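We just call them A, B, C, D and E in the order they show up, numbering each chain from 1.
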Amino acid sequence: MRTTERVRKILDWYEGDPPGVKANLARILMHGKLAGTGKAVILPVDQGFEHGPARSFAPNPAAYDPHYHYQLAIEAGLSAYAAPLGMIAAGADSFAGEIPTILKLNSSNSLATSKDQAVTGSVEDALRLGCAAIGFTIYPGSEYAFPQMEELRALSEEAKACGLAVVVWSYPRGPNLSKEAETAVDICAYAAHMAALMGATIIKVKPPTAHIGLEAARKSYENVDISTLTKRVQHVMQATFNGKRVVVFSGGENKGLDALYEEIRGLRDGGASGSIIGRNTFQRPKEQAIEMLGKIIDIYLGKD
Amino acid sequence: MRTTERVRKILDWYEGDPPGVKANLARILMHGKLAGTGKAVILPVDQGFEHGPARSFAPNPAAYDPHYHYQLAIEAGLSAYAAPLGMIAAGADSFAGEIPTILKLNSSNSLATSKDQAVTGSVEDALRLGCAAIGFTIYPGSEYAFPQMEELRALSEEAKACGLAVVVWSYPRGPNLSKEAETAVDICAYAAHMAALMGATIIKVKPPTAHIGLEAARKSYENVDISTLTKRVQHVMQATFNGKRVVVFSGGENKGLDALYEEIRGLRDGGASGSIIGRNTFQRPKEQAIEMLGKIIDIYLGKD
Amino acid sequence: MRTTERVRKILDWYEGDPPGVKANLARILMHGKLAGTGKAVILPVDQGFEHGPARSFAPNPAAYDPHYHYQLAIEAGLSAYAAPLGMIAAGADSFAGEIPTILKLNSSNSLATSKDQAVTGSVEDALRLGCAAIGFTIYPGSEYAFPQMEELRALSEEAKACGLAVVVWSYPRGPNLSKEAETAVDICAYAAHMAALMGATIIKVKPPTAHIGLEAARKSYENVDISTLTKRVQHVMQATFNGKRVVVFSGGENKGLDALYEEIRGLRDGGASGSIIGRNTFQRPKEQAIEMLGKIIDIYLGKD
Amino acid sequence: MRTTERVRKILDWYEGDPPGVKANLARILMHGKLAGTGKAVILPVDQGFEHGPARSFAPNPAAYDPHYHYQLAIEAGLSAYAAPLGMIAAGADSFAGEIPTILKLNSSNSLATSKDQAVTGSVEDALRLGCAAIGFTIYPGSEYAFPQMEELRALSEEAKACGLAVVVWSYPRGPNLSKEAETAVDICAYAAHMAALMGATIIKVKPPTAHIGLEAARKSYENVDISTLTKRVQHVMQATFNGKRVVVFSGGENKGLDALYEEIRGLRDGGASGSIIGRNTFQRPKEQAIEMLGKIIDIYLGKD
Amino acid sequence: MRTTERVRKILDWYEGDPPGVKANLARILMHGKLAGTGKAVILPVDQGFEHGPARSFAPNPAAYDPHYHYQLAIEAGLSAYAAPLGMIAAGADSFAGEIPTILKLNSSNSLATSKDQAVTGSVEDALRLGCAAIGFTIYPGSEYAFPQMEELRALSEEAKACGLAVVVWSYPRGPNLSKEAETAVDICAYAAHMAALMGATIIKVKPPTAHIGLEAARKSYENVDISTLTKRVQHVMQATFNGKRVVVFSGGENKGLDALYEEIRGLRDGGASGSIIGRNTFQRPKEQAIEMLGKIIDIYLGKD
């Protein structure tokens, strides 16, 4: 299938990046059931690192196996699969060329004394393993935000020079942010904006709530409609270079399917580029996960 | 248009820097409506990083788009445009060669727990993107001042060896400085002086007030006339190598136009090299911003 | 389309290479009309460098334009497009992600006093431009063979560490080889074997004739059937790790279409992995070239 | 003056290069009397290195002074000035920002025992001195062609990563090329084509004669009209990516003014991007040179 | 099986080398049917590179397949398997850990105009592929001997720093050596001695004849008994640090089995460390080769 006009237009937004970065973004946007639509659904599997294996995989023990996630992402027709070094490496040969992969270069864990993330992979790893992109998490609002941004800066420069796309997980948290504030619409838009300013090719944020997290920002939202998820997502997209960046939204906490589909419709109607959904997928039996992902893809295709 | 005598004289002040730095300074001083006058008006767009997207761009949503700022700076006939990596990169190709750009290499944000800034760009980025200068903020008086100065030192050395000019935002703040002290005339002059001592090509400070911020300095100001903005700016210019550095003043908080123009007249009469005005410009509709900038330029041209 | 069993089997042959190399080989073998068959037809455009622009493109002036070759390769449904730096770069952005590209890293030319090739590109270029492979020519039998092999060794090591495939043009020539010997079956098999020993991912040789080029080898061929092209190609495939390398054959001199198709059938029946055809394609009007390539692809598909 | 549509279109041809390279190409194409037309007239002063000072400057002793050439290029409204390290450095400060400069990185001389060129400058020099481009000579056909190409490859990669444009002097010569062949239309087109393949931003060749230099190419020219300079230049432009590279032609041997103007008209009508004229300019008194260059510029402007 | 006293004693000879080198030498000496005896039989397959595929493998076509040689060496209970990059890589994964491998880092070929060898692999390759040693050929007496020695020096230094053993093929040849002289006892001893002096861990030479190759050496042999192969091998062993290096002897030209066994007995009785036999093995059907190798091993075990 040839690159569609829609995808070509998206590539053109990234005018400051070398052709290799665009080629890898095209690999993601031209893969799977959403190929060519400018939309993407991505499977992230960093739960094991973050929450431990049993909390992640006991609900569906098949998911302990690294090959399971490759298979799930491929069979469901997703756009890409993201995970830390060990998970990607453990299937990189068996599934070479079958699905674009994103090597997550930093990781947190639940045993850590620090709320930071450790750098656990390299650009060289991503190249050697045939990945299309690197992934990196920043925690705006945390005491680690600045060192994380500086790590991201260096890795991003190196990755782009090698033609790799850069996916940034921008997850606000920290001493001055309440749990509610972490997903507040202003904070979410701010987090997405900062990722764009740092040069992210794809930005991952959480679906924004109607909460306002930064008191100083409240006045600015008087004339911004944030009454519905759709409106809030429109605002987040606007905050990422007037909609000229690929922004995908996490699936968030495990929830009922109807609630999830409704949320996806809200994301879609707000102009989101897609979803990146981990727990909600791999913690279900594979057929159920594939059915659910098929439904989500249908929503993005406007069929539902 | 050939380099004017005035601009040539300014270039001669920078005798310790290689010709490339002067050439890039000349690019800025010979560009736009103030070309050749030795004056400069610069558009800085780091508000999005510092205060978040909605606080920055909701008043004029067109400004969410990175191309908007290039267009605004070009259409208004400004001297240069400064912004962080993502913003500069997103228009670097479309507007290649149309206006000198300044890549802001560090950035703060309102979510941060630290009052520091993160390094978010590199000299290589500036070269690759065709910039005329790098920009860097230091906070004299803060607990981050020394590490920031040391980062500036290293980046400045690297940038100048590559012929890039160095624009330093010197913004005093810190535990021993009251809000009032941050713009006190002695502090402002001191901040400008330190930037000059660190080798800045262009120095950005805030318009100084008649306040004295450092008790130990009060006696020294007994015979310095700081009664008017013009006199205070004369003092700041004197403090930057007897007027032999390019010093531009920020527009500060959003204020009424008449107050702004009056301030610009004060800056001009005090010998300021120009203004660097963000919020006051991009938060207005483009035609209004262009009209306002035209007026400011006229003031610097002595037409008003 | 998922990687077929046939392609998966081919990837398994390259067990000493990192997954990224296999992923890029998969990109080539899963692209175009031959996707999944284990066969490949590649468009090489290094004629301009080797023979000059008019000799290459005057028969079909549209081919002077770098975009033409991208379009031809894409529209004809080929597996990959190979060319030197300037040609690849001039379309790398416009056609990002549309067809796997092979950056030819060395080039000869008809004005040269030396029969060597100059290195005219780098692995960094290939990554930056989003290529799937590097290409390199060696001339076994020439006085440049050893330095060329050593250049190939270094570039190949660097490329594979970055996940790029390595395509080796192995073209025997030199003071001890007559024109006839250059395509002799023993020499051709030897050239292919050496490329395999050096670690080539894809090997390009010329269709072998029934001639024997190395007197010392004649006895060894007493019991090898080299009576038909098919038999000779079988031997060449055998000589490349018992058929466990991808070997593509050049189209050779411009010839009549019937003769060309007949040759392709011989290659196919001998187990060749495919063809790499330059002059015979881009020196015809595009529709004729596409028709011819369609026919060749049909032959490899066993439809003709 | 804003970048014209014509120049913007030219910048778009260089899609594989970073924005900085385009910005520097724009600096050249938007400078001087031809600004915005897509045409360029460049002053090269490498004669002193190549032929010695007296042969170069005795006819007009003012030209011994490095400042003279800057002044000449500026006063005549040229697009750029090219020279070796010492010449550029000796005026880089005095004329900073006044005219785009091209640092010639290799040089030959008449005392040399070798027909090669020595590398006499670096990319770092070009950056430090504020140049818009590096310049490099290759001699296709000579025994030094391959090492020269490999030097060019490395310097070009480095220069472009720093946003500098790359100007290639492609001057065929060597044991198999007669004096006549050096400017033969096929050889000239070939030399220009190779420079384009190596990634040159601007290509400099000599005006082609109706001679055919490579016997093997003669047949290919049977249907190419090379009867007039205009037709031959059309062919050279075609040979450089179907007219999608900036190609400037040298002035060649000192000749009468009428002959020179006539030649320029031929170049212009053939679609040449402009001229690069050394001896014919700086060996005349300045006023005469300026008058002559004004006339040449008028020809490119279509006024003559 | 624990390292035997005999092998421990051998390891102690290499006291200047780091433990990793000894550990890899131990891997070879503790592997296969000769494990622990201090003897070794090694399979070398560089024939394909040196003589071409048909001359090497047509007598036993199964040997075209790289896996064949791994299987042969493993099934015959050999000590190690040596081959160039492509051959080793093509089975490195399938046979990981099954037999110590030696990566041959340089190779000659029958098409070459030069009698040198090309470097075709690296220490990094050897490490990445899990090899126990690198192999390198020098031609003492040839015009390439010094550059080869210098290459060996550098590669050896690098290999040993990484704990790899170094196997040196020391094959005298050159303008001053007759065919007979190449295997003359003095020359052979000299070649082995130089390899030892260069730091070889294992030395490979040809079985010495009673010929004297260097006239100047003849006198020195007056009182050395060189009347039998056994005596000559004793002399070669003496020449390699009084028997304190592992020296293996090649099988030489294809010959009758009885003659071969007789030669092995001579080597054994002279104190040789073992044999390295290529053509005589892989050019026979596998069962015959295994039978032959079993017999040779029995000879070294003193059973025959």
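Everything below uses one rule, namely that contacts are C-beta pairs under 8 Å (C-beta built on N, C-alpha and C of every residue); 3 or more make two chains touch, one makes a residue touch a chain.
Predicted model, so just to flag it, every value in this text is computed and none were measured.
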| item | value |
| --- | --- |
| Least step count from chain A to chain D, where 1 means the two chains touch | 1 |
| Co-neighbours of chain C and chain A - touch as defined | D |
| Centroid comparison with chain D (C-alpha atoms), farthest chain | E |
| Whole-Å gap between the CA centroids of chain A and chain E | 55 |
| Interchain centroid distance [CA atoms averaged], chain C/chain E, Å | 36 |
| For chain D, residues that touch 2 or more chains besides their own | 15-16, 18-19 |
| Chain contact topology (line, ring, star, complete or other) | other |
| Listing of all chain pairs that touch each other, if any do | A-B, A-C, A-D, B-D, C-D, C-E |
| Complex contact set, residues of chain C against chain D | 48-49, 51-55, 57-59, 61, 64-66, 68, 84-94, 107, 109-114, 116-122, 124-125, 129 |
| Complex contacts: residues of chain D adjacent to chain A | 15-16, 18-19 |
| Residues on chain A engaged by chain C in the complex (per definition of touch) | 2-3, 11, 18-27, 30, 74, 89, 92-93, 96-98, 124, 127-131, 161-163 |
| Chain E-facing residues of chain C, complex | 13-17, 140-143, 145-146, 149-150, 153, 157, 172, 174-177, 186-187, 189-191, 193-194, 196-200, 214, 216-217, 220-221, 223-224, 235, 238-239, 241-242, 244 |
